[in-house]
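For reference, chains read A, B, C and D in written order, and residue numbers begin at 1 within each chain.
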Amino acid sequence: MIAVLKDKATQEQVDNLVEWFTMQGLKVHQSKGDYCTILGLIGDTTKIDIDLLKGLDIIESVTRISEPFKKANRKFHPEDTIVDVGGVKIGGGNFQFIAGPCSVESKEQIEEVASAVRKSGAALLRGGAFKPRTSPYDFQGLKADGIELLLEAKKTTGMPIVTEIMSAEHLPLFENVDLIQVGARNMQNFELLKALGKTNKPILLKRGLANTIKEFLMSAEYIMAGGNENVILCERGIRTYETYTRNTLDLSAVPMIKELSHLPVIVDPSHATGAARLVKPMAMAAAACGADGLMIEVHNNPPKALCDGAQSLTPEQFDDVAKRVMKIREVI
Amino acid sequence: MIAVLKDKATQEQVDNLVEWFTMQGLKVHQSKGDYCTILGLIGDTTKIDIDLLKGLDIIESVTRISEPFKKANRKFHPEDTIVDVGGVKIGGGNFQFIAGPCSVESKEQIEEVASAVRKSGAALLRGGAFKPRTSPYDFQGLKADGIELLLEAKKTTGMPIVTEIMSAEHLPLFENVDLIQVGARNMQNFELLKALGKTNKPILLKRGLANTIKEFLMSAEYIMAGGNENVILCERGIRTYETYTRNTLDLSAVPMIKELSHLPVIVDPSHATGAARLVKPMAMAAAACGADGLMIEVHNNPPKALCDGAQSLTPEQFDDVAKRVMKIREVI
Amino acid sequence: MIAVLKDKATQEQVDNLVEWFTMQGLKVHQSKGDYCTILGLIGDTTKIDIDLLKGLDIIESVTRISEPFKKANRKFHPEDTIVDVGGVKIGGGNFQFIAGPCSVESKEQIEEVASAVRKSGAALLRGGAFKPRTSPYDFQGLKADGIELLLEAKKTTGMPIVTEIMSAEHLPLFENVDLIQVGARNMQNFELLKALGKTNKPILLKRGLANTIKEFLMSAEYIMAGGNENVILCERGIRTYETYTRNTLDLSAVPMIKELSHLPVIVDPSHATGAARLVKPMAMAAAACGADGLMIEVHNNPPKALCDGAQSLTPEQFDDVAKRVMKIREVI
Amino acid sequence: MIAVLKDKATQEQVDNLVEWFTMQGLKVHQSKGDYCTILGLIGDTTKIDIDLLKGLDIIESVTRISEPFKKANRKFHPEDTIVDVGGVKIGGGNFQFIAGPCSVESKEQIEEVASAVRKSGAALLRGGAFKPRTSPYDFQGLKADGIELLLEAKKTTGMPIVTEIMSAEHLPLFENVDLIQVGARNMQNFELLKALGKTNKPILLKRGLANTIKEFLMSAEYIMAGGNENVILCERGIRTYETYTRNTLDLSAVPMIKELSHLPVIVDPSHATGAARLVKPMAMAAAACGADGLMIEVHNNPPKALCDGAQSLTPEQFDDVAKRVMKIREVI
């Protein structure tokens, strides 16, 4: 960490600050210029509150050299983390498809989709039971009943299941869920993250609508700091001014995150683009740039889906996408 | 609502869709062109799921004419709503200052600040007890103890208090809090919004980091749909590519929201800019464009604040800002 | 095009407007609801100025159904356009590498790079002679001398050359340049686009820093409207709030543009990411989602490049990227 | 400027780099830590190309302490610059209204508007002759004829005139124009900026659609570096994801720029919001936060304006806005 002090800082003020840093266990190197004094802080600066420093009257600017995340940081954990989801491995060379409908609607629907996507190579079944919707008047999911239907489909097909949690109070309902998803709108719901950090469940953390990669990794750090290191990250598009696509899929985040962190990174091309016809090219691109898996919406009857139908593939389309993606995987 | 059908839609498909709209209680006007058919839907379309429609194979595009919010909509409630917070009125011509430290730190601190800002004209005392922080290693607030300190300051000064809630599970601690704040990161924490909708507490809803005005009003609608219509909206800056200021304060949102909705709108120039020296000009600008109040961070000793110190004013600076803002209020 | 009229519009006003539309050669379908009247406009609406309409007092909103671009529109030109650049074909299944240094520095440099990238499969040689730099104090390129060096390298290697133009006044210098590049900052320099529209040179149009796909295609339309239909589009990253990468590469723009337009689309992963180590994964992803080519910065000695060195590959790295990309091309 | 070197940098590499910095006239302070070496560079670093440094293999990061703009920098020019536009002073406490139609349409129109806005206190007359339009099929302005009509209105009313230039080739037509406007889309048309830097005309530089304050000041620096220091800056809204307003007016840029630079800053609330009814509140807000002037679209018959009518005020509305703004000015 580098702190630049203002010209007007007195020697006494500088000495006090240096003493305070030393008390925090840091080594301090000073270099004094014509217009400012530069302090180089060496040691574990993750616990230094950068906003507090910036608030000091004598500080011109503060810059972190090392990243503020620790447990998620590849520097301190060079090998890829492999997360085991009900026997299915993700990360460290293990690429997986997570597929299923946006919302669980009925026993027939979820089992039909599950059986279809499993045949095409999907390892995990997704389905929304609790649905975050912008409008209170839109369909909010089957909730507990939806989870029940997923669990039945899990029994029938043997596929581990993935579904979204919207409140820590619902945790008891997720006891048999294999991978708990935190949606984009809750990426910085810190109370939820802390509660999940106390479980030992694999967590699928989606990037927030307008969150930076650093904030994304800090949210993973919230879960990991609680003791749960089974975190899978999911890039699902960020908000920009572009309107042709629902969001802008930030694929460069995949290699960037893999450089910064050891956690697995998957991509959700369905929510990112909001359009079924763009899922295939973006799924292939995600595989090509090193994603550890794909999360794709599949519906047995897309036009009738209760939500997000426009972005769901049919099982036949998913089968085609899966085949093409696997060929890309062979190349890389 | 206007639905444009694709050229390839058969007459039977069109008829089925028109019948379905009619069953939802809507009147449908058709106009048929060379390349597409346009359906104009008249009636209460707030309960129509626009994503469902867009998912239908025969639909080219769907556009809402009327806004999807109802209870928050000025069309159906032309007069300004006035929210009563422990006897202090906000909205409908009632302009108020909410002031206090970012975080409650100690009895002395909160009472000293409270007494100072009350003298300068602040009607409500703010102070953070539960603090949402990007890093799990940063100071997270005094939590329940912080609320206790706020309640004591309320007794001493008679000022109603405002503090942020981060989880519905904490609601019992907020029983004597006068105005419950929902922070930017929880603006779309729909489970929290629903829980608050079931209380009769005034709610201060902050705009999300990267949320549109429409989403902001839909989140207010979540609270109001539950029966609690005491909602105050707070513009606090949005995320853009600009880095000199922490966020970009979107002041045009103030007159825009007041046109769309009857709810009071206040502005938080402290968080928006992240810099104490920008608080005064932006506070004056907010008053000039019609805000119903200001929420300003004040600390008795800004450089030592445990968080966000760089954006806190001293009591003397706050006094100056309050005086200038009141002069602007006289002009408008 | 759909125009929604306000409730308060009198019958006379509506009639006048309908008459005006009819005079523009459009057919008008009216549907009258409780709160508004909807006009469906059928015919060639590309010449209707949507801002003019929105300005009319009786208009609530105006929505285009068909896109405002014509010559660039796939609807009116379903087959892929293939652009011939000095004998090298791009588009319609023809995939090409454009490679070379950010700036032309010397005869030795440009010829060494040219010869290296040609061996690795690059078909076109790029090199900056006129350099748009944010600061007037940064290196602005060798200008006319840089173009001379490129032309010599063209003679030596036989590779057609690509270089950026910054002003229509420089056009005489570009007489023997095979593909003239319009940079991101000039994407809406309409006077330059018009001047290029009057030439018969192939144009490489880069997407602006914060321009939508629609604006991008409208800028292509400026060139094409002048009579020059040899336009190649280049996605090079857009500006977002993310700071780890220089820009956010919007790869979903590739399949999206190919759906909307018949023009070839290439991708520049070097400028998009600003980091040499991200070029390889993003180049592979671009190929996987259907790009017609790649523009990659290669320098014989990256750390010493006068600009943008951090994003340049060595010839060896380029050779590796080219090989991997070609394998991806075989799959798709 | 601070350069952080990677751990792997050898002593020889560090020594070479330090020597190079010294040759550039900089003093270098080194501080060596466990993981990195920090170099503090003291002296005139504006001519150091930061991208070049970042490209060096041994560099971890580079941060500027002082801003890269010099002539526009308040540090080196503490007093406010006052620009004289045909006898009208702007800046340093001189507040002015610039008003007129979006496009010059006819002699009657421009003279009627000019006479009306002058009565309401406008000091400068604006009117578009060359119009940058997204579509090549939209009205492009009366061009040279439009400038002629402005010059006639200048004679009749005595008001200095402001109009936009789109290409340096048109400069001869602007000989008698008092203030030459560079539009948002040309803010980084560096060839145009350089050409204007060689004139002695006052320049009104508008902020680009998605440009940072730093880039904005660097573009002013381009003009000033050529010798022309008569630059007025104009905030006119930036591009965000919000769609209710055309752009997001970044009013915090006003006090921020005034801190960084001595140049006058005005605000254009008409283009920023795109809606006539938002012009008044935002004009008042702009005055309240310290703008040196306002640029407002006024049309004698807004609904018939050939472009941007939706954002134009009538002369009566402008008169009301001007009166309210002057009252705000009295307060601050």
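What we mean here is this: a contact is a pair of C-beta atoms (placed from the backbone, for glycine too) under 8 Å apart; a residue touches a chain by one contact, two chains touch by 3 or more.
Computed from a prediction, not measured in an experiment: that's the story for all the values here.
Here B-D and B-C were compared by C-beta pairs in contact; the pair with more is B-D.
The chain with its CA mean position farthest from that of subunit B is C.
A straight line joining the Cα centres of subunit A and subunit B is 26 Å long. Centre-to-centre spacing of subunit B and subunit C amounts to 39 Å, using the average Cα coordinate of each chain. Distance between chain centres (mean CA atoms), subunit B to subunit D: 32 Å. Shared contact sites, meaning residues of subunit B that touch two or more other chains, fall at 210, 239-241, 243.
Those residues of subunit D lying in contact with subunit C across their complex are 46-47, 49, 51-52, 54-57, 68, 132-139, 166-169, 185-186, 188-192, 194, 208-211, 215, 218, 221-222, 225, 239, 302-303, 305-312. The touching residues of subunit B, when paired with subunit C in their complex, are 2, 4, 27, 29-36, 38, 40, 42-43, 60-61, 63, 65-66, 210, 239-241, 243.
Touching subunit D in their complex are the following residues of subunit B: 210, 212-214, 238, 240-245, 248-256, 259-260, 272-273, 277-278, 281-282, 284-290, 324, 327-328, 330-332.
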